[in-house]
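Same chain, two partners: chain A is paired with chain B first, then with chain C.
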Partner chain A sequence: MLRLPPFTWMTLITQFLVITAFPVITVALVLLMFDRFFGTHFFVPQGGGDPILWQHLFWMFGHPEVYILILPAMGVVSEVLPTFAKKPLFGYTVVVYSGVVIAFLGWSVWSHHMFSSGLGPIADSVFAGTTMLIAIPTGVKIFNWIGTLWGGQIRFTTSLLFAVGFIAMFIIGGLSGVSHASAPSDLQQTDTYYVVAHIHYVLFGGTILGLFAGMYYWWPKMTGRMLSESLGKVHFWLTLIGMNLAFFPMHFSGMLGMPRRIYTYSSDLGVTGFNQVSTIGAFLIGLATLVFFWNLLRTRWQPVTAPSNPWGGSTLEWAIPSPPPVYNFTVIPTVESRMPLWQTERHAPMRPLPERPPAAIHVPGGSWWPLITAIGLPILAIGAISRALPIVFVGVAVVILGIYRWAYEPFEM
Partner chain B sequence: MKTWLTTTDHKRIGLLYFWTAFGFFLIGGLEALIIRAQLARPDGGLGVSAETFNQLFTMHGTTMVFLALMPLSAAFFNFIIPLQIGARDVAFPRLNAFSYWVFLLGGLFLNASFIAGPLFGADRLSVAPMRGGSATRTSRRASFRQVPMSISGSWDYRSWASHRWRRASISS
Partner chain C sequence: MTHGSAHAHEAGAGAGAGAHRTSMGLDSRKMAFWAFIGSECLLFGSLISTYLVYKGRSLTGPFPHEILNIPFTSFSTFDLLMSSLAMVLALAAVQRGDMKQGKLWLLVTALLGLVFLAGQFWEFSHFVREGLGLTTNLFGSTFYVLTGTHGAHVTVGVIWLLTLWVQALRGKLGPGNAMTVEITGLYWHFVDVVWIVIFTVVYLIQ
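Here is the complex of A and B:
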C-alpha cells in the first residue's frame, strides 16, 4: 500500500470521509424535508424541536466536507512537486499518515462553526482545542512539500506555479482559520467578511489552485494535447493577483464589522474602499478564467501529439500513451517501486510495456441503464416538489425498473 | 453521441465530469461577479434586491462546492486513479456512470429553480432553518435546493464504491 501514488492515497482517504459524512447530511436533509413537506417539528421550537439540532447535524457533515474538498488538491500538489523538482516526495510516509490523521481529527471539530450558538464554555473550549490540534498534521504536510522542493532541479511550468501558489495561499487561509479556532476571537469574526476571506483563501487559493495545477499536469494525458504554457502563465498570474485583491481586503472589512450575506452596507462603516478593491479582484479572476477557457478550447483544434510522459513523471499513468487506449495497459504492470518510472536507489526504472496487447482484451461495452435509472430521480423530485404523488410513483418506478434491468443485463459475448 | 450517453469507460466519465463541472464553475463565477458588482458601492451598486441577492450567494456557494469543486476532483479521480494503480477500469463501471448522470441531473435541477421557482410562486430561498420559523412555510423554491442536494449528494456514494478497485497489479 505504501507504494501507492500520493494522489491515490489522498483520494482513498477522501472517500472514507465521503462515505461517513454524507449520511449525516442525508439524515439532516430528510428530517428537514419532513418538516417542510409533512409538518413535523424536528427543527421547529414551537413544536418541541431545536434549530441547534440542525446545526449539529449540518456541521458534523460540513466539517469533514471541507477536508473532502482539500485532501484531493493536496494529493495533486504531492504529485506535481516531485515531478517538477525531479526529486521524490519528501517524507512520503509521513505525508500519507498526516492525511489519515487530518481525516480522523476532522470529525472532532465540528462545533467550531457554532461558537456563537450558546453551547457553553466547556464545549467551546474542547472544540477550540481540537481545532488547533488539526493544524499540526497540516503543517507537517506543508513542511514536507517545502522539503520536496528544497535542493531540487526546479522547472517553473504552469502546473508547478499553481502548486506553489497553492502552498502559499493555503497557508494564509490556514492562518485565518487558526484565528477562528480560538472561541473568543471567533466571536468577533463569525458571520463577518473575515470568515469569507478565510473560506476563499482555503477553497480558491487551496482547492482551486491545486486543481488548476492538476489540470495543467494531466491535460496532455487526458486529451493527448498540450496546453499553451504562455497562456497558462497569464492565467496563473492574473488568478494569483486577482484572488489576493479580491479576498485579502475581506480580512479588514470583516474585522471592521462588515457582516456576511448583506446586499448593501452603510458608507459610514468605512469598508467601501475594501469592497471596491475586492470587486476589481473578482473581475480579474473572471478574466483569468476566460484566458484558461480559451487555452482549453484551442487544444481542440490541435493534433493529438502529446508524448506519453511530457513532464518526466514517475507514476504509472505516464507509462502509457496520451490519451490512453481504451484498455489502458497492454499488460497489467507489476509494481516494485513507489516511483516505477524513475531510477531510484533500490530500483531500476520499469521496463517499457509492450506496444500491443499479447491477446485481445475484452472491454465492457456501454449501457443505457445507469442513465435511465438516474433520470428517475429528478422525476421523483419534481413530483415531490409539486406535491403530485403520481409523478413521485413514476419516478420511483423508473428507478426500480432501471435497477432491475441493470442487474440482469446480459454479459456481452 | 450514443457512446457518450452509454459509456462506462472511466476516462470518458472523467472528461464528462470535467466539462460539466467547469460549466458549473462558470455559472457560480457569474453569480460571484454579480454579487461583487452589487457590493462595489455601499448603497446597492447594481440595484439587486435583497431576495435576489440571497439567492445569488446561496447558489454561488452551493454551486461552487457541490457542482464545481467536488466534481472537478471527481474528474481526476475517475481519469487518473485507475491509471496510477495499473487497472483497466474502476471496479463498478456502470455505478460510476450512474454517479455522473445523477450529478448532472441534480445540478441541472438545482439551477432550474431560477426559472421554475417563480412558476411555483415561491418565496425566499432559505439556506437552513436559522431562526426556526421558516421550516414550516411551504417555500417551494427552498425545496428546490434541499431535494437536489439529496440527489446530487448521492453520487458520492457511488464514487466511493467505484474505488474498491482490484489491487492485483501491485505486488506486496
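Here is the complex of A and C:
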C-alpha cells in the first residue's frame, strides 16, 4: 500500500475517522432528540442530567471531525507540491504514517475544547499533553512539504500558489492552536475572537486553500477544460490578502476581549478598528470567490481543451484522457512505483494503456435506491429540527425502504 | 472462512453477481461489513458509556435493583445465544449446499430472535406497569434507549433473516450466495455479543 498516492492515503484515513466518529454524534443527537420530543432529561440538570455529557459526546466526535476536514486537504497538497516542484514527495512514508498518527491522536484530545468546563487539573494536564503531542506529526508533515519544494524546479501555477498558501496559513493556525493546548492560556482565549482566528487559519487557510489547490489541479482532469491561470492568480491573491485582513486582526480583538457569537459589542472595548479591518477582509474573500466562480463558468463559455496530463503529473489519473471515459482504465495497470508516469531511479515509466479493452467489460447497472435513501435523510432531519414528529417517521420510513431495497437489489440490471 | 470466499468466486463466474477479486485476499463486502461493525462498536460504546455515566444518579425510583428481573433476562440471553448457534448451523448448511437444512436453521434463527423481542416487549410493558417510564428518571431514559437500540438491531436482523429465508424458499439462495449468509451471520453474532455486554453492565453489575 506504500505505492498509493498520498491523497488516496489521506482519504482512506479520513474514511476510518468518519465511520468511527459519526456514531458518537449520532448517539448525542438521538439523546438530544429524546430530550426535545419525549421529555427525557439526558442533558437537563432538573432531571439529574448533565450538559457536560453533551459536550463530551459532541467533542468526541468534533475533534476527529477537524481531522476529517484537514487530512484530505493535506493529501491534496502532498500531490500538488511534487508535480510542480518536479520532485518526489519528500519522506513519503513519514507523511503517510504521520497522517495515521494524527488520526489516532485525534481521538485522544477532545477535552481540550472543554478546559473552561472545569474538568479538574489531571484531565486538563492529560488533554493538554496529548494536544501538544499532535503538533509533532503535523509539524513533520510541514517540514516534508518544505523539503519537497527545496531545490525543486518550481512552476508557480495557481494550484502551487494555493498549496504554498496552505502551508504558510496552516503554520499560523497551528501555532495559535498550540497556544490553546495550554489550559491556563486557553482559559483566557475561550469564546473570544482569538479562537475564531485560530479556526479560520486552520479551516480556511488550511482546508479551503488546500481544496482550491486541488480544484485548480484536477479541474482539467474532471471536466477536460483548463481553468484560466491569470484569473486563478487574481483569485489566489485576493483570497490570501482577504483572509489575512479578515482573520489576523481577530487575534488582537480576541485578546482584547471581543466575544464570539455575539453580534454587538461596546465601543469602549477598543476593537472597532480591528473589526472594521476584518469586515473589509471578509468582503475581499467574497469578491475572490466570485472571481473563482467566474473562472469555473468561463470553462463552459470559452472552453480550452485540457490534454490528458496538463501538469506533467506522476500519478495514474494522468495516464487516461480528460475527462476520464466511463470505464476509466481499459486494463488494470500494474503499478511498480509511487510515480508510475515518471522515470525514476529504480523504475521505468508505466507502459501506455491500450486504447480499447481487450474483452467485453462488465459494468454494474445503476440504482435509484441510494438516491431514495439520501432523500429520506433530509426529510428526517427537517422533521427533527422543526419538532414535527410525523415528518421524522416519514423520513425514517423512506430511509429504511431505500436501504432494504438497495441491500437486496441484484448486482446486475 | 476461505471455504466461503471460494464459493463466492464460483458464483462470480456463474451468476455474475460475485465480488471483484481483491489483492487483500478478503472479499470486499466482508471487509466493508467489518468496518461497519467497527462503526457500530462506537455507537453502542457511546450508549453504554452514557448508561454508566448516569448510573446511580437517578433522583427518583424505581431504581435498577428494585425492578430488573435477572432470571427472566437470563432466559432471553440464553435464547439469543442459541440463535447464534442456529446461525452457525445455517451458514454451514448453505455452504455445503444443503438448502433444506439451510432453510430450517435460517427460520430457527429468526424465530429465536422473535422470542427475544417478545421477551423484551413483555419486559418493557412490565416495567411501565411497575412505574418506570422513559421519562421517570435517568435510569429509565438510559435503560430504554440502550436496550431499545439493541432491540431495534435485533428487529433489523430478524427482517434480514426472514428475507433470506424467503429467498431460499424461492430457490434464489444457494452455496453461491454463502457470503450473503456469512455477512448476515457476522451481524447476528455482533448483535449477540453486544447483548452480552449490555446484560453484564445493566443487569449483572448493579
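Just so it is clear, the second predicted complex is superposed on the first by the 370 of 413 C-alpha atoms of A that agree within 3 Å, B and C clash if a C-alpha of one lies under 4 Å from a C-alpha of the other, contacts with A are read in each partner's own complex, and residues count from 1 in each chain.
The definition used in the following text is that a residue touches a chain if its C-beta (ideal position, glycine included) is under 8 Å from a C-beta of that chain, and two chains touch if they have at least 3 such contacts.
Since we're looking at a predicted model, the values are computed, not measured.
Chemist: Please indicate which partner A:Gly286 is in contact with in the superposed arrangement: first for chain B, second for chain C, both, or neither.
Modeler: first
Chemist: Of chain B and chain C, which one contacts the greater number of residues in chain A?
Modeler: The partner that reaches more residues of chain A in the superposed model: B.
Chemist: Output check: A:Pro303 vs chain B and chain C. Expected answer is one of first, second, both, neither. What do you get?
Modeler: neither
Chemist: Looking at the overlay, what does A:Gly48 touch: chain B (first), chain C (second), both, or neither?
Modeler: The answer is second: A:Gly48 touches chain C but not chain B.
Chemist: Once the structures are superposed on A, label A:Val30 by its partner contacts, choosing first (chain B), second (chain C), both or neither.
Modeler: In the superposition, A:Val30 touches chain B and chain C alike.
Chemist: After superposition on the shared chain, which partner residues are touched by A:Pro184: those of chain B (first), chain C (second), both, or neither?
Modeler: neither
Chemist: Once the shared chain is lined up, is A:Gly39 touching chain B (first), chain C (second), both, or neither of them?
Modeler: both
Chemist: Just to be sure I read the superposition right, which of the two partners does A:Ile19 touch: chain B = first, chain C = second, or both, or neither?
Modeler: both
Chemist: May I ask you to decide whether A:Tyr408 touches chain B, chain C, both, or neither, giving the answer as first, second, both or neither?
Modeler: A:Tyr408 sits against chain C, while chain B stays out of touch.
Chemist: Give me the intersection of chain A's contacts with chain B and its contacts with chain C, in residue numbers.
Modeler: Overlap of chain B and chain C footprints on chain A: residues 16, 19, 22, 26, 30, 39, 49.
Chemist: Flag every residue of chain C that touches chain A in the complex, lowest number first.
Modeler: 16-17, 35-36, 38-40, 42-43, 46-47, 50, 53-54, 57-59, 134-135, 137-138, 141-142, 145, 159, 163
Chemist: Name, in rising order, each residue of chain A that touches chain C in their complex.
Modeler: Touching chain C: residues 16, 19-24, 26-28, 30-31, 34, 38-42, 47-50, 53, 57, 60, 362, 404, 408, 410-412 of chain A.
Chemist: Spell out the residues on chain A that touch chain B in their complex, using ranges where they run on.
Modeler: Interface residues on chain A, with respect to chain B: 1, 3-5, 7-8, 11-12, 14-16, 18-19, 22, 25-26, 29-30, 32-33, 35-37, 39, 43-46, 49, 51, 54-55, 58, 65, 68-69, 72-73, 76, 203, 207-208, 211, 214, 218, 221-223, 246, 261, 263-267, 269, 272, 275-276, 278-279, 282-283, 285-286, 289, 293, 296, 315-317, 320, 323-324, 326-329, 332-336, 361, 363-371, 373-375, 377-378, 381, 384-386, 406.
Chemist: What residues on chain B touch chain A, complex-wise?
Modeler: 2-3, 5-9, 11, 14-15, 18, 22, 25-26, 29, 32-33, 36-44, 48-50, 53-54, 57, 64-65, 69-70, 72-73, 76-77, 79-89, 93-95, 97-98, 100-102, 104-106, 108-109, 120, 128-133, 135-136, 138-140, 142-144, 146-151, 153-154, 156-157, 159-160, 163, 168-172
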